[in-house]
Structure formats: C-alpha cells, structure tokens
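What follows is a set of structures to go through.
What follows is a pair of complexes built around subunit A, which joins subunit B in one and subunit C in the other.
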Partner chain A sequence: MNLQEFAEVVVLAPMGRVDHTSAESFQSELLEHVGQCAAADKHIILDMSGIDYMSSVGLRALMIASKESKKTEMSIVVSALQPDMKEIFEISRFHFVFKTFDTTAEAIKGFSDAAVAAWSAGQED
Partner chain B sequence: MAANIAPNTLNTGWSGHPLARGLAVEHGRLLAVIVLILVVLAQSVISQSGFNRVGQSLQDFYHRLAPRDVTSLPVVIVDIDEATLKAQGQWPWPRTRLAELIDKVGRQKPLAIGLDIIMPEPDRLSPGRFAREQPGIPAELGRQLATLPSNDNLFAQTIARWPVALGRAALTVKQQSGDLAPVPQTPVQISDSRQLASFPQFADHLTNTREIEKTAFGYGYLNSVLDPDGIMRRVPTVIKVSKQLAPTMGVELIRIALGANWIETMKTADGVDGVRIGDIVLPTDPDGWIDLHFSPADPRRRVSAQKIFQGAIDKSLLENKLVMIGVTGLGVADVYSTPVTPRMDGVEIQAQFIENLLYGTRLAKSPDSGASVLIALLIVASLIIVLGPRFGPGFMTAATVAIVALSLVVGFEFFRLAQQLVDPGFLILGVVLSYLVMMVARIIEDDQDRRLMSFNLLVEREDNARMSGELNAAREIQMGILPDPENIEGLPENLDLHAFLEPAREVGGDLYDLFMLDEHRLFFVIGDVSGKGVPASLFMALSKALCKSAALRTDASVAELMTTANREISRENPAFMFVTAVAGVIDSRTGELEFCNAGHDSPCVVAPGLATKSLNSDGGPPLCVIDDFDYPLDKARLEPGETLVLTTDGVNEAMTASQKMYGTDRLTVCLTRNSDNNAPKNVVATLYDDVKTFVAGAEPNDDITVVAIRFREPVI
Partner chain C sequence: MKVHFWGTRGSLPVSLTGDGIRKKVFQALQKANGKQFADDTAISDFMDSELAFHQRSGFGGSSSCVEIKVPGQDYIVCDMGSGLRELGQQIMQEHGPGKPQTYNIFMSHPHWDHIMGLPFFPPAYIPGNKLRIHGGHDTLEQALRKQQEDPCFPVHFDFLGADIEFIKLTPSEPFQCGDVTVHTIRQPHHGDSYGYRFENSGKAVVYSTDAEHKLESEEETAEFVDFFKSADLLIFDAMYTMADMISVKEDWGHSSNIIGVDLCHRAGVKHYCMFHHEPVFGDKALSEILAETIRYEEIIRDGDALKVSSAYDGLEIVI
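And then the complex of A and B:
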C-alpha cells in the first residue's frame, strides 16, 4: 500500500484485488495506518485507483476502518474508484460510509489549504 | 462437532534409530570419511603383506583381455605326445630311445636343449640290470649282457655331445638327514645380498643319476611356485637349494645358449634389477622374479617328438632355437592354472618364461602405483563426499559408475600398453563404499523427510477435518433455519415461488426467508453475511430471527423494520460483520411491492418477452455498517406474470479458475433470454446452470442464492 503525506492528509493507495485470499493482509495493513494516523491527528484519503476488485471481505475491512476512525476526530474519504469498484460501492451503498471523490485532487480540496499546497507542490515535481 | 482425533506423535521408524541417525550425520559424510580411512589402512596393510586376491583377479581379467602377442618363437617344445608314445612304446622309455631323440634334435643345431624330464634312478632296462632282475635268463647270456654299456652310460655319452640342460626338482621337505650329496651346480653370483631373502628356499632336491649328471652342460630347476590362490603367475630366476643358489630351467637354457659360465643377479648402474648372463642383462623384478605375461598356449611352439623320429620336419626348425623336451602324452601330471587359461602344461610355462625373460615382456609392478592409486582415491572420494549430497543421488550414482569405469579402463590401458600392473581395486573399493554410505544416508534422510511430511499431512488433514467439522456445523445452522420454499404456510394461489441456496465450501453467510405477514402479504428477505464459518452462520441466524420478529411484531413498513433490525443487530456484533440484504413485502392482491435495500444487489423483474429490469433504489448501507442509519422505503409494482428475482453476490461474482467474473450484465442477459418461461423453478434452474457453465468447474468461493417469486392475476 503506497503512502504519501500532504500536511495533515495521508494518501493511501492500495493495489490489486482484495478478495478472500488477500483481504486479511489488506485489513491489517489498513488498520495499522488508521491507528497511526489517528494517533498523529492525520486524515486519510484512500486512493482506490489501483484496486480492480473488492469482495465483501474487503468491504468489511473498509467498514472496520470507518468504525475505528469514528472513535476519533479523524476522517477517511475515498477517491478515484475504478468503474468496477464504483459499481461495487454503488451496490453496497458504501457512499453512505465514506465520502467519495472522483479524483484524489478533488478529495484533497476538502482539507486544509496547507494540504492542498503540499499536494500541488507534489504534483509539480 | 469438530472431529475428535487423538493427538499424533511422529513415528520415526527404522530410519529414526540412533544407529541410522548416526550413519546419516552430515548426509553420511562422517561415516564415509571413516570408511575411506579404513580402506586406505587396509591398502597399506595388504600391500605390505603381498598377496591381494581381489586386485589379482582384476589383473587376471586384464590379462585375459590383453594376452601377450607372440611375435617370435625362440623356444621349440619337442613334445613326447600321445602319438609319439603310441609309435615308440610306453613311458618310461629305455634311456637309449630318449638319447636317440636328443641326438636327432642335436643334429639340427639348437642353441640349447632342456629336458623337462628327471631321471633319478638308473634305467631298469639297461642290459646288465635287465639280466639281473629278469629270472630265467641263462647265466652265460647274463654275463654277456652285463658287459654291454648301460643305457645310462649311452645316454650320458649322447648328452655330452649336445648342449643339454638336465631337469631337476627342488623339494621343500628334506628326504635324507645330513648334508646334501654334492652335485654339479651352475654358479650363481649375487651382487645384492638383500635379494637372498626373496629367492624361494628349498630343503632338498631330486637330481638325475650321477652317471647322467656328470656329462651334462647344465642343470635347470623345473619348479613351479604357485600363488596362494593356486594360480601360476610368477617364476623365479634363481632358487635356493639348501644353502646353494641355482638357476631355474629357463635361465639355465639361456646361459647355455649364450655360452656363459655363470649367472649373476644384480642391479645395474641405472637401477635396473636383472640377471646377467654373459654380456647381457635380462631385467627382472627387484626380487629376482618375473611376472609372466602369458600368451595362450601356441601350437606353433610345439613339434611332436614322433616327427623328429621320422625325420619329418623342416631341417632348420630347431636350428638356433632353445629346445625343451617334455612329456605330455601321459595325461595330467604337470598342468597348472594360469591367468589366461586354467590348464597349461609345465613345459609350455617354461617356454613362455624364456620368451618373457629374453624379450623383457614381463609385467612390471610400478613401485609408486599403490601410492598413486591412493591419492587418486582420496581425490575422487572427496569429490563424491563433498559434492554428492549437493547434487543428489543421480549425480552420485553417475559419478561413481564413471569413476569405477574410468579406473578399470585406466588399469587396463596400463596393462595393455605398458605391461604395468596398476591395481585400481582399492580406488574402486573406496569409491564404491563411500558411495554406498552416502546413498544409505540419503535413503535414511529421505525416509525421515517422508515420515515428517506424511506426519505434517496427517496434522493438516486433522486441521481440515476440524475445520470442515466446524464448517459442517455452520452449514447445518445455515441450512436448518431456511424455510422450505415448497411449503410456505398460507401462500396465496396467485403467488408461486422458488428458492435455492448452494453453500460454498468455506464461506457460509447467505440467508433468505419467506413467510406470510397476513393472508395476503408475503414477506421476503435475502441477505449475505460478510464472514465465514460458525460466527457468520450464527450472525445470519440472528439477523434473520430479528428481521422476522420485527416484521411480525409491528405493523411498520419494511424500511422501519430494516432500521430497527439494523440497530438491534449492530448491538450484537462484536466481530464487525455486516449483512447486505433486501427485504420486501408483496401484496398478492395488487402486485404492489414495498422493499428496502441495505447494500445488496438490486432485485430484478423478469417478464415474458421483455428485457429484464433492475429495481434500482437509493437504499442504504449494509446492516451493521452504520448503526443509526435511517433506511428509506422503495415502492414498485409487479404486473401479473412478472417474476421478482433476488440473488446474492455468489451469482454475479462467481469466478472462473482464471478469475473472470460472471457479472451483473451476464445475469441480466440470462434472465431475459429465458424470460418466456419465468416460472420460479425454471428461473432458478436456468440461472444456476448458466453460472455453473460459466465457471467451468471452478470451486465457488461464496454461497450462491437465488429466490424467485412470480405474481399472477389475482383470483377474486
């Protein structure tokens, strides 16, 4: 899972398929990041552009991450869903769970100016 | 329900025995090194003590493969064979007849004549002696006969004319006490006194009668000394009789041929051991023996004595040759085993000894060959011991076979090309023993691995059994609480339905329920618990029960019911499972449909001849995802003849072995294609078949559930 930081925002970009064979490691890795970000007062953008498919066990991991985040002040948003993932999110109505954005750039605008500035700086490199 | 299996212990078997484990230490390297050291020690002990039976057999094998080529024949054997005895009378002949033969041979001017015959007693057929021993001979005749010369006297006169060497036999046991009677002996000088010990020692000897011996040119000992295995391989040039050195027959014949007066055993200035006869030195082994390189018995060496008597031979046949006269017509008396043939008569061996000695074709033992073989052994055995376990048994076997073959070939080439006796026996023994040790170690290790593997397999199988026991329990819970779709109490006649749930091997979380809320309204729910095993099944059972009680308890809408159920189930959810579900109510009077979708696939409506449509709706997230979610209510209406189809993601996310997904589009197409017969049973069956055809035998990793409900014209 790729990780980038822009001010108070952490962009996490998992890759590949999340099904019953890979969900366990996806979940533990995701929850580790959630725990660390919560402790560091950071927020998370889940950049899903690298995820082709997610079965219900993957959604469960997202749900647990959401529940963990709600115990704290942090927020988790989702960006850049691929068409198949978009359909999965629509069917399971996970847009009720996470705010979703078409692109990570749009997602970052929901955070502080500092985050946007850091993001823009990163894009120019 | 978990299988109750007694805990297993690893059965280590024969290969777990401490001896076997000891043997297999370091893949058998330790023992192989020990074995190698023992082989090297054995080699040095045996090479000190002399005779090595195994090595000798191998040399004999080489000997048979590459016998000596006979290029020139310096020796002719005059053979008193069966034909001769038949024509000239039985053996023993009167000495006069033998003298006649020697005379005829002598006239052809051979260089020397050796007799493979010993005449220790006076001839009984001498006239005087015959007269004394034969009763009934008149006294006068006896007296006259006694005046005639004896046969021995005539014989002595004959051999005085020709260069004849008499045969003698040395004896190991002394025949008489006291010193031996002095007899003429060819002088032997010895320049290296260390050789003295290596000449065979005899206590006594059998000589010819004094009268004959007086006139002979020389005296050769005919003794054959056999190896411990009874095979004749080596012949000494000189033997010791009591305290006197004496030449063997072949050496004596060469001396006579060369006109020398004595022989000398010596070491030349350039270190060659040999026997000097006149001006020439014939090389021998350091101990004064020679190892014969035999050829098979060659008939060209032989001429029948009868032909000599008849004068029926080429006049120059014997000229300038060494002649051996021997008797073979008597049968088996003087026959020996040699490396090339199990039966060779003594006179043939004498002839071959002379050929070997004259032409230097003897087999030579290289003094360093033992050490070289040991060094080669240590090198190749180290390779096997070090590399064998790394490259596996195939390599070890091939390498060992190659080394053995190469050793045999090298040994043979030394024999064939250089007449060198290089014994690869210890190399082969050492390599083969190392190989065997390493292979046995390998077998022991493999057996241990196999046992460990089958033990692990057993453990795994037990785990599987426990797990499938648990899964069976989960499945029993899951299947046990599903209603029988054929037997829904109070189902109106214009509603027919079918439901099907195929549990996957591992994941068990699908559910459905169907019951009448009152005499007109059918409640349905289909769901999928995210999780597996017993917890998911129990959660599913709980969800279903809560739904049902909520549905029956209140007059609330399906949406209110979903909201209530969500709140209640969330409270009982420590494992963070969630449930996607569609619940709804169909009014059989009107076809009106109220439903609520909690994160589940949209229901479909199949009408004959029409495209299948999805009942999309806002809905809400799966149950338990957001505790206090307020689920919205959706409404639709079934026209008479339309069938409502509900599925779980086990259908649209069914995968082929290569992870190709069935997909919602294929689902819709399949339903539309078969829409003309939208009877619930047919809808379920055709969809299920289509999925199974698509996945082509791939193991499903999620439950497959299909519920179909058809609304028909209400009967009033």
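And then the complex of A and C:
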C-alpha cells in the first residue's frame, strides 16, 4: 500500500485484487494506517486507482476502517475508483458510506490550503 | 428434483397495496398505448415480452416456505412461514381429506415468520396425516404450542388432528429422509438457525436462510463453502445490501446479496437464488437488486458463470 503525505492528509494507494485470499493482510495494513493517522490528527484519502476489484470481504475491511475513523475526528474519503470498482461501490451501497471523488486531486481540495499546496508542489516535481 | 417457493419474504409477510396494483395496471396500459390484440395469446405474449417482471408480476409477500419435490418421496417442506397456507390449499385440492400423507418439515429456526403458517395448514388438522418436524432446536415444539395459546390464537395446538412428531437433527450427522440424504449445519443467527443440504440422485439443493455471514473468521466461512460445495441450487438469505448488513443492520441475523455471490463462487455452486426478501422492498426494488447482483457476479467472476436469480412466491426451479 503506497503512502504519501500532504500536510494533514495521507494518501493511501492499495494495489491489485482484494478477495478472501488477500483481505486479511489488506485489512491489517489499512487499520494500522488508520490508527497511526488518528494518533497524528491526520486524514486519509484512499486512492483506489490501483484496485482492480474487491469482493465483499474487502468491503468489510473498508467498513471496519470507517467505523474506527468515526471514533476519532479523522475522516476517510475515497478517490479514483476504476469503473468496475465504482459499480461495486454502488451495488454494495458503499457510495453512501464513503464520500467519493473521481480523482485524488479533487479529493484533496476538500482539505486545508496547506494540503492542496503540498499536493500541487508534489505534482510539479 | 423440483423446488417450489411458497413464501420468499423475510421477517414479516407483506401484501401489494391497491396503489401498487394501480401502478402496474397504469404502466401496462401506458406500454400498450392503444395496441390491438388478436387474441388472449397475443396479450400474454405482449406481457411477457414488453413488460418487465415487476410490471407484469411480482415477488409476492408470504414468509418463508419452500417445498423440495422428489419423485416417489413424501413431502419435504422447509419452514412453515405464511407460504405454508397456500401449499396446504393446493394439497387439499390435490388429495382432499381422505388420502393420508406424510409431511417432512425441516425448520431453520422457530422465529415467528418461520412458524406462523402451521395454524393455517389444513393437513395438520386431519387425522391420519403425519407431520414429522425436523430441526436443530430443542424449543421447536414449545414455540409451535405457544403461538396457538390464548390470548394469541383461538385454536390450540392439541386440536391439530394429525400425528405430529419432532425429530432433533445434529449438524455433521447425515439424516436419511426416504431416498433423500439431508445434511445439517448450524448457522449464525439470534438463537441459531440451521441450514439443510438435500441430496438425491446426484443432485444437491441447499436451503440456507436466516444466517449472518459476517466474514470475520475464514474458518467459519470455509465451513459454509464446504457445505455449499458444488450445489446445483443454493437458496440463500440475501436480505440486505452489503453496507446495511455490516453497519446499521449488523447483528440483525441476515446476509447480503453480494456475500451470497462470493460464497457461491468459492463453493462452485451452479445456481444462486436470493431469498428472504426485505419486507420494505417493493417489486421494482427487488428487480433492481437482482440486476445489480447479476452485474456484480459478472464483475467479480474468475471462472465458470454462476446463474443468479431471485425467488418469488410461485417460482418453481427444476434441478
């Protein structure tokens, strides 16, 4: 799971397929990041551009992460869903669970000027 | 084998309202738009080809009751929800009161929506008939007696004239019901429920309702994958959407449409039939959920195609 930080925002980018063979490691890694971000007063953008598909057991991991985040002030939003994943989010009604954005650039605009500036600087590099 | 669905609704029977019927008639007339029909066949053809299922028909509203028909065998019925009433009506028309029959009932659990049909099942009142009620709970007889006690119901259980026997089943111990082998599994639900796998002549039908597959433990999930293995038909509790099931409706005891697909793929099931429909969903919503589930299966598929359907009262599936 690739990680980049932009001021108070952490962009996490998981890769591949999440099904019963990979969901456990996906969940433990995701929850570790959620715990760390909550402790550091940071928010998470889940950049899903690298996820080909996710079955129900992967969606469950996302729901657990969402529930954990709600115990604190942090937020988790989702960006860059591939077309199949966008459909899976709608079929599972997960688009009601997470705020979703077409791109990570759009998602970051919902955070501080410092985060947007850091993101923009990162894009210029 | 044939499987006949007499009741497919979860939790509470529902009925289409007058407004709901009016909507269907309106949509049919709108679609016909002054069309002339040569005869009744032309009308039927028009309905089947031009009107969607939720416009020309519907899912019905009786609670859980499914008949497993095996040639040459006594009746096999899963659960005694309100759908049992209509089965009883048909049996009375077919046999009348003079031909004693044996009814093998397999109970998922004694919650109200799964037992409420018994007082309205005419064969239970006829001496000579046999009701063999199978299940994993010790409380089945108590539950059935209680629902017919004052002040809830005027006709007491002891007034039922049929010979009624209770048979306790144990998971992992196959049970022989005539030529049908029945396997039992304990399922996660408030107070537990039990699923059944019926095998005959190389075919297998699994009835698995009122089970909340939380996917918390791979060991528990794998047990169900094994129980469903290569089934020709899986009747599965697909009551909720995934997000509802694991958030606001967590611990309500039911599963989601897409968990059913994932379990079927892992188990190599041939036909996945969604069952125990949420009572708040109308015919259009249930049709949309079916279309979405078929699409999910296409997206997630990594092998042979899985047939996906949604049970409705009156549906008969030939295995």
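List of remarks:
Here is the rule we go by: the second predicted complex is superposed on the first by the 125 of 125 C-alpha atoms of A that agree within 3 Å, B and C clash if a C-alpha of one lies under 4 Å from a C-alpha of the other, contacts with A are read in each partner's own complex, and residues count from 1 in each chain.
Just so we're on the same page, contacts are C-beta pairs under 8 Å (C-beta built on N, C-alpha and C of every residue); 3 or more make two chains touch, one makes a residue touch a chain.
The structure presented is a predicted model; accordingly, all values stated were derived computationally and were not measured.
Annotation: superposed three-chain arrangement on subunit A; subunit B versus subunit C shows a clash. Of the two partner chains, subunit B and subunit C are each touched by A:Ser55. In the superposition on chain A, A:Glu24 contacts subunit C only, with no contact to subunit B. When the two structures are aligned on the shared chain, A:Met63 is found in touch with subunit B and with subunit C. When the two structures are aligned on the shared chain, A:Ile91 is found in touch with subunit B and with subunit C. Aligning on the C-alpha atoms of chain A brings subunit C into conflict with subunit B at a single listed stretch, 275-283, out of 95-103, 149-157 or 275-283. Shared contact residues of subunit A, touching subunit B in one structure and subunit C in the other: 19-20, 53, 55-57, 59-60, 63, 67, 87, 91-94, 96-97. The touching residues of subunit C, counted against subunit A in their complex, run 214-215, 218, 221, 241-244, 246-247, 256, 258-259, 261-262, 266, 292-293, 295-296, 299-300. By the touch criterion given at the top, residues 17, 19-20, 53, 55-57, 59-60, 63-64, 66-67, 87, 91-94, 96-97 of subunit A touch subunit B in their complex. If you check the complex, the residues on subunit A that touch subunit C are 19-20, 24, 53, 55-57, 59-60, 63, 67, 84, 87-88, 90-94, 96-97.
Residue ranges on subunit B touching subunit A, taken from their complex, read 506-507, 528, 530-531, 576-578, 580, 597-602, 618-622, 624-626, 629, 649, 653, 659, 661, 664, 701-702.
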